[in-house]
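One chain, subunit A, links the two complexes that follow: it is found with subunit B in the first and with subunit C in the second.
Moving on, here comes the complex of A and B:
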């Protein structure tokens, strides 16, 4: 069975949701405290959303120094799968496991709503069950979700195909703005060079159950449960 | 009179350096002659300054309910579903499978008037603590907000700050905001209303009360340190706002939602592990009220040494420590043998838990500071013996005459164009600008988020869900407090029933002006009479709530605003019914009777600049049948959508159903024929009248016969008005055909508030 470590920082608030979503795909999911350094043979690590350490100073800036992050760094360096969702994405950037930063939303407000994103890479441990170009509707809920990076970093991300999710930006005239935070190149999620570390702003764990009206996020967890990244070519959905 | 037979009280000493208790000091503490006389009699001596502060807090309107108690006693509070009625931190109702729901609403009006961001944030923090101290995990937040019109910059500033404060706090703690209401009217210009409601889930067996028990048990202060913020907040809440209120800004507390989240987890762990005897939030009047109320509920005394309370600043006096309203603090009672374990749990959550006193057998509320006794008051009498007032209630002549008045001016626009104007009114327009700032999906249980009739959440691991809403049409209450009170409960119940849920019970936040004014007390008494009758008729008992008086500014009293928070049970959550038309080709049906009553309507207010007239009367029996029909129809899966007709009347309800949800790619039009629906009603009243008890439904045409049969069985009028489809809302009535392009309606509906708030964003970013 797949071992999934969900890291709980003080102030994490999507830890239960993430745990539940991982369990529904048959994973052995468990919580690892921020002070622990043992990931207990995790196959995958998820840094859930929330406000670690109150997001004081800067989102994710304090969490990167917690003992558990050393273990996460080692796990990532060994090629282990790591997914950062929302605040988890912010922590991965602060910890330099992913490039770039997540700044205050362009509109200055916290934004909570469903958004449409396109899957651009399926060769990650979390997106193998999707098809390239597949459109997903997922909730976002963040105040600091505006992904920005230096121009050469952005060029590198595009050249190396490291954008995993992108906000759909072609709904001109629609009463809702498609990119919720003004991120560079409408980026909603990226991966590292090795492809094993993924950070995304939307919350797939909140869209993994049909009774909630949104189930497009379930693929992140079924992909993870399948255990191996898939080649990034068009493929049939296994859902 | 309750209380012990203690004649007088043990001695207490003045704290070194404190000022003497003079008549002026008594006045400054908002205690009148009668009340001070009662204190002298009760103590058998003059109070110390510390004691005066304690009395001032506990005998404030906010804590003592001294003007409202006799009226509140008339509320129905019992029923088989009631686990805990009024008097605890929150009310609790029974759910299936051993589950229960704890919920409560509370005001934070005055702090928000002077410091909107922190005032609103700490309002959310306080209501969360009220719920999790019952042993319940908070699963939903709602709020009811009122401001002056948005064309005034100060109102925009208050509105923006309050919304940001509400959002930042709830978002950080990780509790979804599932609904609420916002309205704008001139009466709230100097005195906005910020009411926050929290709903929590618990196993009924985990319920814990806030009663100190067991002589010798230890009192622990858990959570944040005590600072000088919020001293006398409860008293501040109990006076009118004035130009001097700005100086009260230091009395507004500062919130720390991060500590709140830790406190939430630690408290729930302490409760479910059975480590503690009792727990209470140090909310209004801080340590004073939490300790005195816990002792009184347990029929015991307490002794606290304020010298042991961890403080944020050096040199705080016992007076300041007792009355501080610093946030994110709990008072916990535990047996001496469990103290170390309690401290271990708190440490895990990075919180301190400090023993500060013990439960005693002499019934005295005793406060020491490093051993020196600075207060010693008979505890039960301190809580119970505040004088209770029965103020005069008399409706003003002006209020009476407003009911019989008619609009003096002709409509600004014709019936066709009035719809767009109404949808552009911030009171009716989509509140998306507001609720997009609130996390509505955290906890991954949101089935219906904000933007519909009621929020719906799934209870994890079960088939059932809860519907939650908060409602009040204050214009109706202002014109006719009794009918307005009934209407507020009826609207809340209708909203809950529209999702398919059965209304279970309410919590209320009763916002009024100064009760010592006869016309205000009349509004209060009559609104409560209406609420009580409606709750009795719907079998939705009052489980608690909050009274907020003195909502007055130099420009006068607010519109009376009794906000009704309601919880309903949805037995099969997958059968939940949304508010908006689902697809073309469905039947559109109208439930209920239209007489075309325009009194108190949004149409008269917005299109004819007139607030007045006789408001629609609520037929409680008909409302109850309508709710039962909705629950039965939803339970059998016969409804595609259901939307209550409230502000703006039938036409606005139809338009909202057609406009669709906030993230629908487009609306769904409809072609309707109302020629035979209410043939004797004039078109103006048919379209825009606000008769109670009406709902717009859509359904699969194949279910038409079943619905008609169900409506007959419930004796509810059901009219088949037409079909969904097309891009227009087209309506035939009174030998006319009116038509609106749905896309053209979406724009004003969704942009009314953001357009007005562009200024506020500009103002804010210019200031940063």
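Moving on, here comes the complex of A and C:
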């Protein structure tokens, strides 16, 4: 059975939803406290959303120094699957497991609504059950979601095909505005060079069951449970 | 010797600073139309023990590089004084 560690920081608030979503695909999901250093043979680690350490200094900046993050760093270095959702994405950036930074939304408002995104990579442990180009409707809920990186880093992310999710630039057929935060190149999620570490701003755990009104996020968890990333078509989608 | 360190962290020039823009609009609405280029940063003050001013500054610089500022988007200014 797949062991899934959901890391709980002081201020995490999507940990229960994430546990539940992992359990519904048959995983042995459990909470690991931020002060722990043992991930208990985790196959996958999820850093859930929330406001770790009150977002003091910068979102994710303090959580990065939690004892558990050393274990997460080792897990990632060994090729283990890591998914950061929202605040978890911010923590992965601050921990330098992913490049770039998530800045205050361009419109300054906290944005909480469904958005449409396109899946661009299926060769990650969390997106193998989707198809390249598949459009998903997922909730976002963040104040600091504007992804930004140095120009050469952005070029590298595009050249290496490391954008996993992108806000749909074309609003046709969608009642929702594209790009809720002004992120560079409409980026909603990226992966590391090895493909095993993924950070996304949308919340798949809030859209993982039909009873929630949206179920497009369930694929992140079924992909994880399948345990085998599927090969992507090499072509990077044009926007 | 104890030194007091003042750190000023500012969003890097050229980056969108929506908070600064919002405050600039508010100033304009209050009749301060002459105000422009408003940018919002953060001030941090701390005391540290060090053997010399240059040692204190070197340590403070490490703190900024590792935690207090994000090198991707922020620049910082340091001032060190004996306290």
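As a convention for this text, the second predicted complex is superposed on the first by the 227 of 239 C-alpha atoms of A that agree within 3 Å, B and C clash if a C-alpha of one lies under 4 Å from a C-alpha of the other, contacts with A are read in each partner's own complex, and residues count from 1 in each chain.
The rule is simple: contacts are C-beta pairs under 8 Å (C-beta built on N, C-alpha and C of every residue); 3 or more make two chains touch, one makes a residue touch a chain.
None of the values given here were measured: they were computed from a predicted structure.
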item	value
First (subunit B), second (subunit C), both or neither touched by A:54	first
First (subunit B), second (subunit C), both or neither touched by A:139	first
First, second, both or neither for A:151, with subunit B first and subunit C second	neither
Subunit B versus subunit C as contact partner of A:159, first or second or both or neither	neither
Partner chain in contact with A:212 - subunit B first, subunit C second, else both or neither	first
Touched partner set for A:182, first subunit B, second subunit C, both or neither	second
Which partner reaches more residues of subunit A (counting touched residues only), subunit B or subunit C	B
Which superposed partner A:1 touches (first subunit B, second subunit C, both, neither)	neither
Partner chain in contact with A:108 - subunit B first, subunit C second, else both or neither	both
Common interface positions of subunit A, toward subunit B and toward subunit C	107-108
List of subunit A residues in touch with subunit C within their complex	57-58, 61, 65, 94, 100-101, 103-108, 146, 148-150, 182
Interface residues, subunit B side, partner subunit A - complex	164, 167-168, 171-174, 256-259, 261-262, 349-350, 435-447, 458, 460, 573-574, 662-663, 665, 746-747, 750-751, 761, 764-765
For the subunit A and subunit B complex, residues of the former touching the latter	10-11, 13-14, 16-17, 20-21, 49-51, 53-56, 107-114, 139, 141, 143, 171, 174-176, 203, 205-206, 208-209, 211-213
Footprint of subunit A on subunit C - complex, ascending	15-16, 18-19, 22, 67-68, 70, 72-73
